[in-house]
Every structure is written in C-alpha cells, then in structure tokens.
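Here chain A shows up in two complexes: once beside chain B, once beside chain C.
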Partner chain A sequence: MSILQIIFLLAALATLFCAVKVVITTRMMHSAFWLVGALLGIAVLFAMLESRFFVVVQVLVYIGAIAILIIFAVMLTRKIMDENQQRMNQLWGLAFIPAGGVLAGLIYILSRWNAFNTTARTAPVNGEDIEALGKALVSPTGFMLPFEVSSILLLAALIGAIFVSYDRKGGGR
Partner chain B sequence: MSFVADPINFIADWLSKLLLGWGLPPDLVMVLLFIIGSGLLATVAMLWVTILIWYERKIIGRIQDRFGPNRVGPYGLFQSIADMIKIFTKEHISPDGVDWFPFTIAPIIAVGAVLAVWAVIPFSANFVGTNLSVGILFILAIGGIGEFGIVFGGWGSNNKYALLSAFRAVAQLISYETPYVICFLIPVMLSGSMNLNDIVKAQDPWFIFLAPLGALIFFITSIAEVGRTPFDLAEAESELVAGFNIEYSGLKFGMFYVGDFLHSFTISLLFAALFLGGWKGPWAEQIPVLGFVYFFIKSSAAYFLVILLRASMPRFRIDQMMDFTWKVLTPLSLTVVSMTALVDKLLPANLIWVRIGGLILLNIIIFIATDRLLDIYWKKPLFQKNNQVEDASKASSVKLGAG
Partner chain C sequence: MIPLSWYLIFAAILFCIGLFGVIARRNLMSVLMCLELMLNAVNINLLSFWSYLYGKDLQALVFVAIIFAAAAAETAVGLALIISVYRRRVTVNANDLDMMKG
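Let's turn to the complex of A and B:
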C-alpha cells in the first residue's frame, strides 16, 4: 500500500466520520460544524487528484458560501444555545421509506457500474486546463444549454427572493 | 544569480544543493524547502505585525494630537514587543460552558487564514510561495475559511454578546463579499489570468488607471471584509462590549489581535498587487530585490489610507451598512465590470493612451451617473416619507399629550 493510498483511506474515513456526525449530533450548530469537516474532506480528495481548480472551488462554494449560509440560518433559529435538542419528530419512521429507497437505488446503480477497476487520472502538473472548461461552458456544442438553464434557475430564485421579501404596501422597509 | 540581486532564491538554491549533496531524495528536499520557506514567511509576517501596530498607533496618535507610543526604544518602536511579552505571560481563562473545540480553534483559524493568503502573493519578480494558476479563487476560498474563525469564536464562547457579534460579522461578510468578488473580476479580465504573478506582469499601465472605480470599490469592500472602523460593527464597544472575542484572554486574544492587523496589511498587499502594479517598477525584473522594496512601499501607502480611514470615519449603523452594499456597491460594481469589459474590447489595445483615456472617461461618467441617481433617490418622496416617520410619531404623541 503506497503512501497516497493510506492518505486516501484516512481522508475518506474522516469524511465519512464527519458525515455520520452531521446526522447524529444533538446540537444543530455542531452538525453544521461537522458538515464543514465533511466538505473539507472532499476537498482533500480533490487535492489528491492534483486538481487545484476543484479544490479551490470546493472550498469556495461549499465551505465559503453554503456552509456559512447554513450556519447563518442555524443562528437564526431559536434555542440554539440549549443542550440536548430534540432532533427527531414523530414522523421519523416515515423517513425510512425515502432514505431506504435512495440507498437501494444507489446500491443498484453502483453494482451495475463496472468502472471500479480504472485507476484515477491525476491532473497535469501545472493544473488542469481552466480555459477549456470556460470555453466548454459557453460553446453550443459543449454545455451551453445546461449552463443557461441553471442561470435561469438562479434568476428565478433571485426574483422569488425579491417577491417574498418585497413589502407591497409601499411602506419601504 | 548573485546574492545581492536576489537573496531568497540564492539561499534556496544553496540550501537545496546542500541537502541534495547529503544524498536526500529530491522530493523530500522540495518538501523540506517548502516547510522552511513557509515557516520563515509566517515568522516574518508575525514579526512584521509588531511594526504595523507601532505604525498604526503612531499615526493615530498624531491624528488625535497625541505622541503615540514614545517610551520603549527609539520612537517607541519596541512598544509592541513589550506588549507581546506581556500577553505571552498572561493566564488563559476558559469561561464556564464554552464549546471547547470551536473555542480553541477559532484564534488559530483567524491567524492561519490570513497567513495562507501570503502563500500566493508575488513579493518580487521570482519570489512567490506557490505559483497557483487559480490564485484569485484561492484567496476568496481562504477568505471563506477565515469567516469560520469569527463564527467559531462567537459560538464557542457561550456568550450572548459574542454570538450576536459573530452574527453581525457573518451578515456583513456575506453582503460585502458580493461586490468584493465582482471587483476581483476586473484585474482578471484585464490581464486574462487568475495567477497573481501574471496579473502583476500584465499591469503595464497600473490597473488603477484602467479601472479607478473598480479599485475604489475593491478598497472599500476589502476594508469591510477585514472589519475595520467604518465597518467594525462586529466589535462595536458601545453595543456589544467587545465583540466576538470578548471571552478570550492571554495569547488567544493576542492571536485575534495579530490576525486583525495582519489581515489589514494583507488587503493592502492585495490592493497593491491587483491595482498598483505589485512589484513593478524601474529595474524590478533585473534586480528582484528592488521588487520587494516597490511592493512594500506601495502596500504601505495603501495601508496608510486604511489607517487614515480608521482614524477619521465614524462607525456605520447596521442598516446604513447593509443599504450601502446592496443598494450602491453591488449594482455599481456590476455596471463597472460589464461596461469595462465592453469599452475595453472596443478601444484599440495598442494605443495605450487612448485606452487609459477612454476607460477613465467611462469611469467618470459612471461615477457622475451614480452620484445623480443617489441624489434623485435621496429626494424621492418615498424616502422623505420614511425619514419623517419618526418626526410624525413624535408629533402625534405631542398631540395626544395635548389632547
């Protein structure tokens, strides 16, 4: 077993441990902190593939934006300072159905996937070709349609946020 | 390569030859050199903070018609070293009910996230820690991690004031990150690269001449990212006692303090690298050590402006601060970026003076238009009515009293 494989196993175990902790901790704030750990673990996996761009984007988007927003939302909830919060409600049994369905689907797909034996390719030494990525995002033969669809989705989210927060009685704030 | 012209690379070369001569494998030598280099850079940065604190206290003293520190050493130069020794000897106090892990790691993140930015800053023509191809994104990502220093500190302290302060700080950082990130696009667009060294090399006229408004917005928002005085709502003493670091004592508090000063200087370094030409200057390419001198002169000038702002501006109110970023800076930065992209493509790139003149004219037009629009908004009946709500309520209460 090479050093890289040991590092991979450690990083993967740490990521999984953090991910499990996200679900089982009693304090909501701690779950948010463990989530940061799990996301950092994924950044480490990207780093092992020598993909600088994805490491940085993973940290920037998931930790810098999404995790911060989650923490922001948790801070807005009541009684976050309390110990031993209730993390289940009466419907926890029903949650088994979708969770089990997703698990079964994942197992089914992964069992039919025959790419487990391919060795991972690492990015070239001077970083991957970001220019090619940028061009692929705006070229009609590349990913232009998904790119534009996602921007329309974001625009809809923006307009929705304005609609929700807008005070129509003309009171200003 | 001689010692005088480029001491750091000279020493690095000598050291790597020495270590290779001992028969160490080349990979290990590289790792060792990185460890030594980052350790040295971090130590130099931390020692530099003592000078920064002295510089800031001296200037603020002068502005407030005092002498500033003047007892310890020549011109009070060793005052911060005395303070440092004092803070080393203080007791660590952990209050009851702290959340141990976030509480302990918060000061480390606060300093580490700032020091990590130094890894990608080009200090001279051939001295840069890591020549990262996505340097700009790296800086933004590290900024996101730096926010956790505040969140962890505020949460872990088990103190309502600290939590409230962390809350404010996060709201401020998220809001100001929008124009901040958009303004990072301007140097990237003008140079066609996200590598900081390439951006510095591309600044034939400094980018501040091509995008003065972008530079101004970047400067304002980066001060807000640090949480310096016009934007230091997270540490408003009159409202929050001391801010998110209220429960910290001894060296842990010292680390927050050092991180704060280092962060202010780091944004000056970034401003100098992105808009003031970085290490560029006469003969900086031939004699790299001159690049250091130019870079530090430029960033010290930017830091001087930061201190002047701190000494002369009152603190914003929280709603004013949010209005300023969402209603003024964000639309303005979007306009500046799109218009700069459009006009720069239309102007001939080889006629340098036409390019500078055209872009400066564009910036002046945008600035005047913003000023006019704000003026109109100010005089709008809706705004006037909102402002008069307080007066009206006062008047009605007087009437009730009279009735």
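Let's turn to the complex of A and C:
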C-alpha cells in the first residue's frame, strides 16, 4: 500500500464515520458538528483528486457558510426533540431497503464498467486550470448561460428565503 | 496509485448513508443535513470522473460549481421553511406536519 492509499483510506473512513454519526446522533447540535467533520473529510478527498480550487470552495462555502447556517437554525429550533424522544420514524427499518438497494445497484453497475479500475489520471498534476474555468464561465460560447441561471437561482433563493421566513404578525407565537 | 473504483464506492456509500438518513430521520434539520451529505457524494463522483477520465475538459468543474450554488440555495430555502414551520407549529418533527393529508 502506498502512502496515498493509506491517506485515502483514513480520510474515507473518517468521513464515513462522521456521516454515520450525523445520521444516528440524537442531539441536533452534535449532529451538525459531525456534519462539519464529514465535510472536512470530503475536502481532503477533493485535494487528493487534484482539485485545489474546490478544496477552498468546499471549506469556504460548505463549512464556512452552510454549516454555520445549519448551526444557527439548530439553535433557533432547539429544545423540541429532546433525548428521550425517538429520533427515527416508526418504519425506519424499511429505509434500509432503498438505501441498500441503491448501493448494491450502483456497485453492480459500476463493477461491470471496464474503466472501473483505472488508475491513470488525466487531470493536470498542479490542480485545475482556474483561469480557463473562469473564462469559460463568462464566455458566451462556453458556460455563460448555466452560470447566469445559477446566479438567478441564488437571487431567487435569497428573496424566497426572506419571504418565507418573514414574520408578518410581528413577533409572536 | 488509487484506483477510480475506490472513489466511486466511497461516494456510493456516502450517498446511501445520506439517503437512509433522509428517509428515516424524523427531525427536519437532520433531513437537511443528510441532503448535504448526498450532494457532497455527487460532487465527489463528478470530481473523480473529471480527475481520472476528462482531465482536459471543464464541464465537470462547471457542473460542480453549479451544484455548490444549488446546494447553497437549497439550504437557505430549506432552513427558511423549517424556521417558518417552527414558528407556526412549534415543531420540526416531520411526522407532525400532516396537514396536507386527506
């Protein structure tokens, strides 16, 4: 086993452990912290895939923004699910069927694909070409339309979030 | 070197953990967190295909960037909905939100 494989296995196992803890932890705040751990592990895997830009984006956007947003919302909706309450549905055992089925199906289909075990990389060794990516995002022959659509999506989500969570009656329940 | 299959199997397992959580958990907040796990699994898949097979192209990177934007939008709207529901019903339990049941 090379050193890269050991690092991959450590990061992958830590991420999967954190992901399982996100699912099974009862206290929402602890669950949010486990989510931060899983996102950090995924950032490590992004780095191992030679994608430096998305490591930074993962840490800034996911851990810096989305996780903080989730923690704020957890604190705002606290004290509803205390520990003695059940954290899963009554029929939570049935959830193993779709989850396991999707996993088995994915692995079966992927294992029949002949490029499944390839080890040769085609990505540039020193990270992706950020300059080309930036130019492609704003060039009309490149990806300008999806880029603009996603910015409109963000704007609409911002306005929609304010509209939905705005307290019209002014303060009280 | 690490084979591509390790990344793909890892992403599949992560996606299924998230899927299980989305189906099984009762708290809306943890449903949202498990959705984040699923989106991250998809991002790992896209970046590993980019890294192993299409390293000269930019489509995968653009796709990942747009998934980041969509995830941020989804989280913002989802949290606004949860807080709005909590303000009206004082619950974030998915089982209690059955007013649309016939």
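Methods note: the second predicted complex is superposed on the first by the 118 of 173 C-alpha atoms of A that agree within 3 Å, B and C clash if a C-alpha of one lies under 4 Å from a C-alpha of the other, contacts with A are read in each partner's own complex, and residues count from 1 in each chain.
Going forward, contacts are C-beta pairs under 8 Å (C-beta built on N, C-alpha and C of every residue); 3 or more make two chains touch, one makes a residue touch a chain.
What you see is a predicted model; the values in this text were computed from it and never measured.
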item: Partner chain(s) touched by A:117 [first = chain B, second = chain C, both, neither]; value: second
item: Chain B versus chain C as contact partner of A:64, first or second or both or neither; value: first
item: Which superposed partner A:20 touches (first chain B, second chain C, both, neither); value: second
item: Superposition-derived comparison: chain B or chain C, residues of chain A touched; value: C
item: Touching partner for A:134 - first (chain B), second (chain C), both, neither; value: neither
item: First (chain B), second (chain C), both or neither touched by A:36; value: first
item: First (chain B), second (chain C), both or neither touched by A:164; value: second
item: Chain B versus chain C as contact partner of A:92, first or second or both or neither; value: second
item: Intersection of the chain A residues that touch chain B with those that touch chain C; value: 53, 57, 65, 69, 72, 81, 173
item: In the complex with chain A, residue positions of chain C that touch it; value: 1-10, 12-21, 23-27, 29-30, 32-34, 36-37, 40, 43-44, 47-48, 50-56, 58-59, 61-62, 64-66, 68-77, 79-84, 86-88, 90-95
item: Touch list for chain B against partner chain A, complex; value: 99, 101-102, 132-134, 137-138, 140-145, 147-148, 151-152, 155, 158, 163, 166-167, 170-171, 173-174, 194, 382-383, 385-386
item: Chain C partner contacts - residues on chain A that touch it in the complex; value: 2, 4-5, 8, 12, 15-16, 19-20, 22-23, 28, 31-32, 35, 38-39, 42, 45-46, 48-51, 53-54, 57, 61-62, 65-66, 69-70, 72-74, 76-77, 80-81, 86-89, 92, 94-96, 98-100, 102-103, 106-107, 110-111, 115-124, 128-129, 132-133, 136-137, 142-143, 146-147, 150-151, 153-154, 156-158, 160-162, 164-165, 167, 173
item: List of chain A residues in touch with chain B within their complex; value: 29-30, 33, 36, 52-53, 56-57, 59-60, 63-65, 68-69, 71-72, 75, 81, 126-127, 130, 170, 172-173
